[in-house]
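Data block below; observations after.
Note that the chains are named A, B, C and D in the order they appear, and that numbering of residues resets to 1 at the start of each chain.
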């Protein structure tokens, strides 16, 4: 499963103490580190995309919101084999029965990973991560040494398969600090094309790797297949300096760095009143 | 398709001018080269076998007869993906709809060839052939040179896959002469383990290869995986010398060479009145 | 879910099948896309590389009509009904011209589609050790197992320019459901650059979505959907109509005589405007003889979460 | 068709699961064979190598109970519900003992079962180029494509001693039908030396044979068939009952405290005679809350040839 594996500490992070439960009177009370804010930013990334491979957690909220706002035709694909999901309720995981009932196709895992994913049908792979580094390598395996790690993370699941073959990867991080965004990952579960290229003589994967990282502070983007992550936007109230200081490498800032537009009241209302009514991800 | 591809000439062979249509008053009027005789002999080979991969033609008759006589529990598997067929009428081919309706499983071709066949679940593969040679190599591809053959035969179909992985292969030939039973095949479509072993360094297939060849004159058997075909039985009215003379190599005769028991009247009745009522294979 | 891809067979073939292309028309004895093949003949396509595990009568007809210059296949006869004489004439006598063939076993051919669909550089299989097939087909190669069990044969991907399949039903966006023998249709579709699906019936999305496990080719892999009832004749569609075995027997003498075969193509394909015309010419009585009695699968439940 | 293989779970586990074996319990979020796993705990099997793409709570429980010494998997958490703390304690603190793990991506693990089922020496896939995974797992190797596209990673076959799966239904001889998410069940079954199938319902052969395309594991691959209604709890069976999400949330604090987890095993597994006892302890009210409303697939026809 391509779980939202960003929480590798114990106890809730600041990002988890969100504004859920309050009325949507003023969207200014939706802070940039909240699930509502991040999901809305992530949803916007799906505008114009045909097919999205969605993981658990924030990606679930984001694809649902995108389908109700910027991209009603987006096709939701899950590693469990579901293609063209039309869930009647919010999915609690990528193998939830609500994703299956009423879906357009329920494929074998071989067809899903082999035909759909390796076959190049996935436009955006939506992943969580514990760490993303400068060139977009992802770590979802361990913090510390693999033999006896400080934290045993969930591992690859489908992530390294998705990284190799989805056209591009969007990552949502629940924290923005040098641990989550180091210069180099502790362990590379899912490699950037930059790292894949170093393995000379190997058939190179088709995927462009991580193109976008959405964090509680801003949006990082890689300009091309072999480039490095740059600061493309900061969230309202966040300074460029703040984003740079909290990144584990000397973060390049785009000349056209922008401020992320706030969620609309309707986005927040949909998330709270129609999508995550049980407050599974909005806490 | 593992067709009965033994007829590579034009026009019916002597074997095809069978006794079909006559009453089953006296089974002595069922000659050894007839479809009734050959199918009955072939059916007896299935006694005690669990799972049979059946091709088109005489194998169809033989498996049906076996199921009604010596082996009611035999499981019929077809390369089209049918597992556990219970046809309500005689199948005209391995992709006939009657094999599908009421079957126990309709697998993908990948599951059929990969899981069932390569996985070692097939006890007997039932094949036709234009040529079988001394060590049990099968030719179903061409007579003459492949680039511009005298006769273009049907080719492998599933035969070379079946040869590699079925525990053993039973071949039914509609003619017994040095063309059909040469010392060496013109072209080896489906190799004996004897030939496979010569390809040093290759992962050797599990199948024992051709163990039994049923012809209009008798039954040939290979004593072991790397042995050669020997005369194990002659049909009523056929001499050992006649069988040997019509074989393309110096045919070894088993010390215990026997006379093939005739079909019972019930076998012939079943074939004519219940199995091939439309006289598709019984001509 | 995408928009409607429903079109006519004339338009679908015109849009997606061009001279010189590699075209897969799959269907293993069942659901053979005859109507689409006939439309290729009507539109007089030339120089096609035809991919079919079991060429069947359809390939014999496309050859007679002059559409095909190359054949990639794993069986060169017609099931129970014997030789395909146009193929034999081309191969044995080079009459009227030689036919380039590329030959595999069934599983070898299937694995080529699998590798094509999965964008794998090769797919291993257990066949061919000791066979003459690799010697005449340089595309069958071998690889040493890195786990020490010796060499194993492999086949390369097969990626058709266009794959055409026939199925029992699809919705307008192309979610395609088939049952009975499912052949190489799904990997052949995923391996191709473009996919045309002809179906017995275009159904509402709700029908498809009530039983998603039956969808073997999702809409995202499909470019054109065409409703062509009877589109598999003389092969069959499980549950809809049976194989026209008489037709298969009748083809043998036609195929044996090139002039007769050409005349058949002229009369039955060029002489009819489309598949509806072909079926009308075939006649209602013959069609009635192919009907099958119902045999319901029964219904299972997928369940809905209660509020 | 073979004879009846119907037995009890107690007998099936006693007959087929022995200490030190490699055991696959598959089911991808759906149809997880919890009842069978609990029976393994009851019978106090030791030193098992556990194979599961997604270990899930079931593996955490088997670890707590001391049954497992080695884990082959592709995900080490519990879907949406967070960490599996027994796994983490074993790996991070070697408490109470280290746990040997062998790690793949999902598709790598799936391909291992595929290669196992197909007796292939290896299966290529497009993953791992540039990843650290091959460095820590020497079973992930690479092969040079003989078609010139460079090297590709491969995984070796995985052949469990026994595979256990849960399904919606089977007949007494073991023809097994499942729908919804079908996971790695079919290849994991074919890859194994012995196969136990637990089902929500044993049905008449006619039910299975009315819809043969739904049979994913035919009788010939099955050694024991056991009717265990609710056998996937707290996971779910599509169309029968839903996932007990509350249980998944409740497991997190239990799993975090080793003593609590041991107490849970004692109370719920050793404290119940079998799965019926476990369900009785769970209570009808909780079960009623997991019921789903019907959502029929609809019926298709397979057809019967007319006389």
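Everything below uses one rule, namely that a contact is a pair of C-beta atoms (placed from the backbone, for glycine too) under 8 Å apart; a residue touches a chain by one contact, two chains touch by 3 or more.
All values derive from a computational prediction rather than experimental measurement.
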Intersection of contact partners for chain C and chain D: A, B
Centroid comparison with chain D (C-alpha atoms), farthest chain: B
Pair joined by the larger number of C-beta contacts - B-C, B-D: B-C
Cα-centroid distance, chain A relative to chain D, in whole angstrom: 28
Distance from chain B to chain A - Cα centre to Cα centre, in angstrom: 58
Distance between chain centroids, defined by C-alpha means - chain B, chain D (Å): 40
Touching two or more other chains - residue numbers and ranges from chain A: 82, 97, 100-102, 106, 110, 114, 118, 165, 203, 206
Residues within chain D bordering two or more other chains: 114, 118-121, 125-126, 142, 144-145, 149-150, 152, 179-180, 182, 186-187, 210, 213, 238, 242, 292, 295, 302-305
Chain contact graph, described as a line, ring, star, complete graph or other shape: other
Chains touching one another, given as label pairs in label order: A-C, A-D, B-C, B-D, C-D
Footprint of chain B on chain D - complex, ascending: 1-3, 114, 117-121, 171, 173, 175, 186-187, 190, 205, 208-210, 212-213, 215-216, 218-221, 302-305
Residues of chain A that touch chain D when the two form their complex: 1, 3, 5, 7, 56-57, 79-82, 92-97, 100-102, 106, 108-110, 113-114, 117-118, 137, 141, 146, 148-161, 164-165, 187-193, 195-199, 201-206, 280
Residue ranges of chain C touching chain D (in the complex, touch as defined): 118-126, 141-147, 149-150, 152, 154, 156, 168, 179-180, 182, 207, 210-211, 213-214, 238-240, 242, 291-306
Chain B - residues contacting chain D, complex: 50-51, 73, 75, 82-84, 86, 88-89, 97-98, 100-107, 111, 114-116, 118-121, 165, 203, 206
Chain B-touching residues of chain C, taken from the complex the two chains share: 28-30, 54, 73-77, 79-82, 87-88, 91-92, 94, 103-108, 110, 114, 125-133, 136, 142, 144-145, 149-152, 179-184, 186-187, 236, 238, 242-243, 245, 292, 295
